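We just call them A, B and C in the order they show up, numbering each chain from 1.
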Amino acid sequence: MMGILTSMLRKVLFNPLNETNKDQDHNHNEDKPEQNASADLQHILDQFKRSADLIHHRYPREGLDVIYFSHMINEDKLQRDLLPPLLAAPAADIILNEQSQFQQVQNAKDCVTGILSGNAAIFYNNVAYLADVTLPASRSVEESESESIINGPHEAFNENALTNLSLIRKRVRSSHLKVIHLSVGEISKTDCYVLYMEDIANEDYLSELIRRIKNVEIDAIHDTNMLLQCIDDNPYSMFPQYMTTERPDTIASKLVSGKIVCLVDGSPSLLSAPSSFFEFFASADDYYQRWAIGTATLFLRFMALVITVTFTALYVSITSFHYEMIPENLILTLTTSRSRVPFPPIIEALLMETTIELLREAGARLPTKIGQTIGIVGGIVIGQAAVQAGLTSNVLIISVASSAIASFVIPSYIMSAAFRLFRFGLICLAGLWGNLGLVIGIAYMVIHLSGLTSLGSSYLTPVAPFQPYDWRDVFFRFPFRLLNRRPTQNRAQNKTRQKMKR
Amino acid sequence: MTKLKEKLSFFHVMILTYMIQTGVVVFSITHLEALHFGTNGWLMALFTSLVVLVNLMLIAIVHRMSNGRSIFEILEKSIPKFILFPIYLGLAALWSMIGCLVAKEYVLIFQMYAFPTTSPMVFKVAIDILAFLLVIKGVYNISKASTVFFFSTIWMNLLVFKALDDIKLERLTTFLFKEGGDMFTGFLNIYIAYIGYELSLLLFPYVNKKTKLMKAVMYGHLIRTFFYLMLGIVSYGIAGHNLLKKMLFPLLDLLAYIKLPFIERVENLFYGFFLFTTLITLVMYYWAAGESTLRIFPKLKSSVHYFVIILCSLIVSTVPVALDQVLRVLYLLGCAQIVIAFLLPVILILLLLIQRRKVVKHG
Amino acid sequence: MKKAILCVILCFSLTASGCAADSRILEDLGMVQTTSYDLLPDGMLSITASIPMADPEASAKREVLTVVAENTKNGRIKMSRETQLILVSGQIRNALYGLSMAKKGIYRYMDTLIRDPSISPELKISIVEGNAGELLRKDYDQHPRTGKYIDHLLEKESSWQTIPRVTILSFLRDLFDDGIDPITPIIKDMGNSIKINGIALFQDDRYVAKIPADDTMIFAFLKGSFKEGEINVDLSENGDKKEYAMLSSLVSGRKLKVSYHNQQIKVRCEIKIMCSILEFLGDLEISNEQDRNKLERRISDKLTRKADSMIALLKQHKVDSLGLGSAVRNKIGYANWKKMNWREEFPHVEVENKIKVVIKDFGEVR
């Protein structure tokens, strides 16, 4: 009885979407003593003792008490639409019982939760009613900062789950788009929605993802990237195993390709699963360009990956062990610039790489205006002074700078960060064992990657398992008429994506 | 979490076969061809490949008759365990030693170029750690890694086109196998360049009907044959058989021949890439050794098996220190492996025939 | 588990960092760029190595070391006593051999160059007319680094076909091939500069004769097909007016036809040369088709005659530097080939040259 009531209550309070699944489990809410306490005014006020931001209006003549957090509700709506009829009516409880916007609450706990999630509590005759006038603090829908593109939609998700859901619904107008509501975090009780396309998404993946989210036991979840690390297959790995994005168009394309999307309230990034390693190198831009340009850009990105990973390591390896490999025209340049440097190449390289990382981190943490200063100062310090002071060779500067630039070509910041870290290991190995060290490092990475899975599917699809058809969309960007199937990794129920023959 | 028990696919078996076959002999195969067969010795790669195909046919018969049972099950059904276990141990020892010495040879060749005075065991241990990390992931993940390694090394074969201008066909001569040496040793040596395919005997439980195991192995072998032939023609066309007799590792000299605008002496770097193919070779031999010891001590965790195998072979591999010794031991082990590659399928066919008879009698 | 493995790797790498002895840090290396070998009258070797220097504080552009030693490796040890750098040979581009040594045979002094894996098979071999060490030690005012000067000179000239591009790999393969004899370019000190002075012909690894610099293009035509190059043909007969034709953008194709009848070997060498004519001094009007055809014929005749005399020169010294032997070998079968001694047979082989010149264009004016 209680369960049904609470679930009904939630439905109204949280105003979720129509298709919200009702089968969530509320029984594992801790049974606190006040659960059964009746929601009388004094009790509720006791609960919110020392809450300076709580507003308590008394209307002694009408016998009404209104309690709410002013910063969480739409006060206009409350004062103009809801309260006047109540105050005007001879007996407020008639209206309160009649109109569906007021919900009577039976126990104190629900009342407290209601107030905390942005409802106004109205007390009349010691009976509590909740009115949903939520207006959560949130940014408006803005341009994407971390995944900006040149062509195509610019809007990005914000921290409000409902806004995000509406952005998705706006793009995927299908009743097959299903939304399952879950909550994670023992204290924070963060709302979490799992989205999928019925009849396209694979049911095994869906149930596996839901099972994993339900099994999360943590005090609070503050961001999707945090949740993601609680539910991935290989928590010790350096590489992200689910793709996250803050672009509604990307999420919509992932949904229709049969992937499952997870949305966490309070986080602008959404995760899609299962993901493959190569997915992190694709950008929405590729699809809005002509196919040839998209393909060339993809090619550029994989080249950037190679540059990021190997350039500095190769410099270290060549200058400390394999001098034979330097072409004749370069050898004097290299020796000249190296001859004034007091450190061995490995120290020199680590020094410069660390400096670049410091610059990047400092630039990321500071406001844009100061960030620019950092850039200029860093550029001058690194580019000029270090060479002139004879602390580094200018060839190294070129290789460090180009590998740093290349690392930012990788669209996913998390993936590029993983490779930047991996690069340090590779530089150390190259400084230790030369080219063999470099190759050992790369071999280790491949071995590690081939052991990874994403929701149980191979992380290296479509290379291993070998899916040549998928290469059209992963290593190239074929014209759309040739991209007829959904990615194999998604194991979609309906594999055909388009039937257009043109 | 339920990991999907996936079977090896056709493509993966093909790549895996190619990668196991590509070991360290690839550096010296054209030298061996020239040394033992003289003029146009590269053709021997083709003839030997045909013999391998015969061997593959035997394995294919076993595969068809076994109905997907592992060869160990077949053996254990007819032969008592106390006879089999020493044989298993012997096989494991042979296989792990092959794997280990392949790595050792790789390291010793590398040390000709760089780190000449560092202990080879430093590199050997590093490679063995990699091998251990890979082998504990199981054969499915090995095949995945080998696919990635395949794509990161196969393009090197295209580099021969850089040398196309210098190939002169008249250097190939019109004579067949003249001015050669001991042809039988030569044949064995070239056969050893192909071994690795026989490990497909152990793959029976890891494939299903859809894999078309033997076809995949055959294709993998044919890719290897093709590239051996290409390498042969290019080496003979550039250096001629008389010079090839002098070069111990013609492939490396061939790579050194290639000059890129931003980098020279690419063999220094590309030799590193051959670590990938070598790694798969040794991992698969370690894996095979582990498969057979697992039959003896099935209770122990497989990672313990591999650890012990790799550790033991590492200790044994400290004994040969000179490149020449390693080559000689590897040659002997290779010959033993050739014998096994033929003998094992024959024994299995006989056993299967007997077992089938029994079933018919009892039925 | 994984942490344990990482720990192992880490500990391992820490212990292994003791392998610093094997490091070859760039600025500590003396990278020999060119090395030269001379044979002294007493049988000792005089070895000179030129090492380009990049020290901005030093005025010298290179370091030149000369030692006298009984063998090459010992020379290296003696040499390194004179320098603060670690001498390495991975960047050697040129090996110069003095004529004194080339006459005695150079293979035994090449052994170290082949055996050392750090030395590139692309190392260029050349013969110095005179003393190789002196040439290498000398500084040429207009060319700051003598070693690099020689290298670029050889590289450029070989791309214009005046000399063959001879690397250690190509030298050795010709040396070991029984159907061809090796060759190298010859360079000579001219006081203020270095000059390409022809092609050295080797019998096995011994220098026996040379082709003068003016005839090297004829040798190139006979040696094989190529693209790019130019030649000046002197058409004047004795007593006549001077007539010259300058042919450029050469595209030459060589075909060898071997016939074998009654133990008699006959080689027919057909060469077709496409060219453009950029300069002509003489009576003929090259824009006139008839005259041009006449010119083509005259040039062809002239070149054929020159080719004949070149073959005669080769026959005289019993060197088959053109590789006619390998064509013969492939024609006559293994048994016949082994039966005869090609070196002795070569002077008796009838070689017929046929050079045909085609003028593609004759410039922008009529």
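Methods note: a contact is a pair of C-beta atoms (placed from the backbone, for glycine too) under 8 Å apart; a residue touches a chain by one contact, two chains touch by 3 or more.
Because the structure is predicted, anything quoted here is derived from the model rather than measured.
Counting hops only between chains that touch, chain B reaches chain C in a minimum of 1. The most centrally placed chain, judged by C-alpha centroids, is B. The mean-CA centres of chain B and chain C are about 41 angstrom from one another, to the nearest whole unit. Chain geometry summary: the mean Cα position of chain A and that of chain C are 64 Å apart.
Remark: chain A and chain B have CA centroids separated by 45 Å (rounded to whole angstrom).
Contact with two or more other chains is made by residues 16, 19, 22, 24, 90, 118, 120 of chain C. Shared interface positions of chain A, defined as residues touching 2 or more other chains, are 321-322, 324, 326, 328, 433. Contacts with at least two other chains are made by residues 113-115, 126, 133, 259, 264-265 of chain B.
Across the interface of their complex, chain C is touched by residues 39, 112-118, 122, 125-126, 129, 133, 170-171, 173-175, 178, 238-240, 242-243, 245-246, 252-253, 256-257, 259, 264-265 of chain B. Against chain B, in their complex, chain C makes its touches with residues 5, 8-9, 12, 16, 19, 21-22, 24, 90, 114, 117-118, 120-122, 169, 172-173, 176-179, 323, 326-327, 329-331, 333-334.
Only residues 2, 13, 16-17, 19, 22-27, 29, 31, 33, 52, 54-56, 88, 90-91, 93, 118, 120, 148, 151 of chain C touch chain A when the two sit together in their complex.
Listed in rising order, the residues of chain A touching chain C in the complex are 236, 319-324, 326, 328, 331-332, 334-336, 338-341, 344-345, 428-429, 432-433. Residues 208, 212, 233, 314, 321-322, 324-328, 330, 433-436, 438-440, 443-444, 446-451, 453, 456-458, 460, 463-466 of chain A are the ones that touch chain B when the two sit in their complex.
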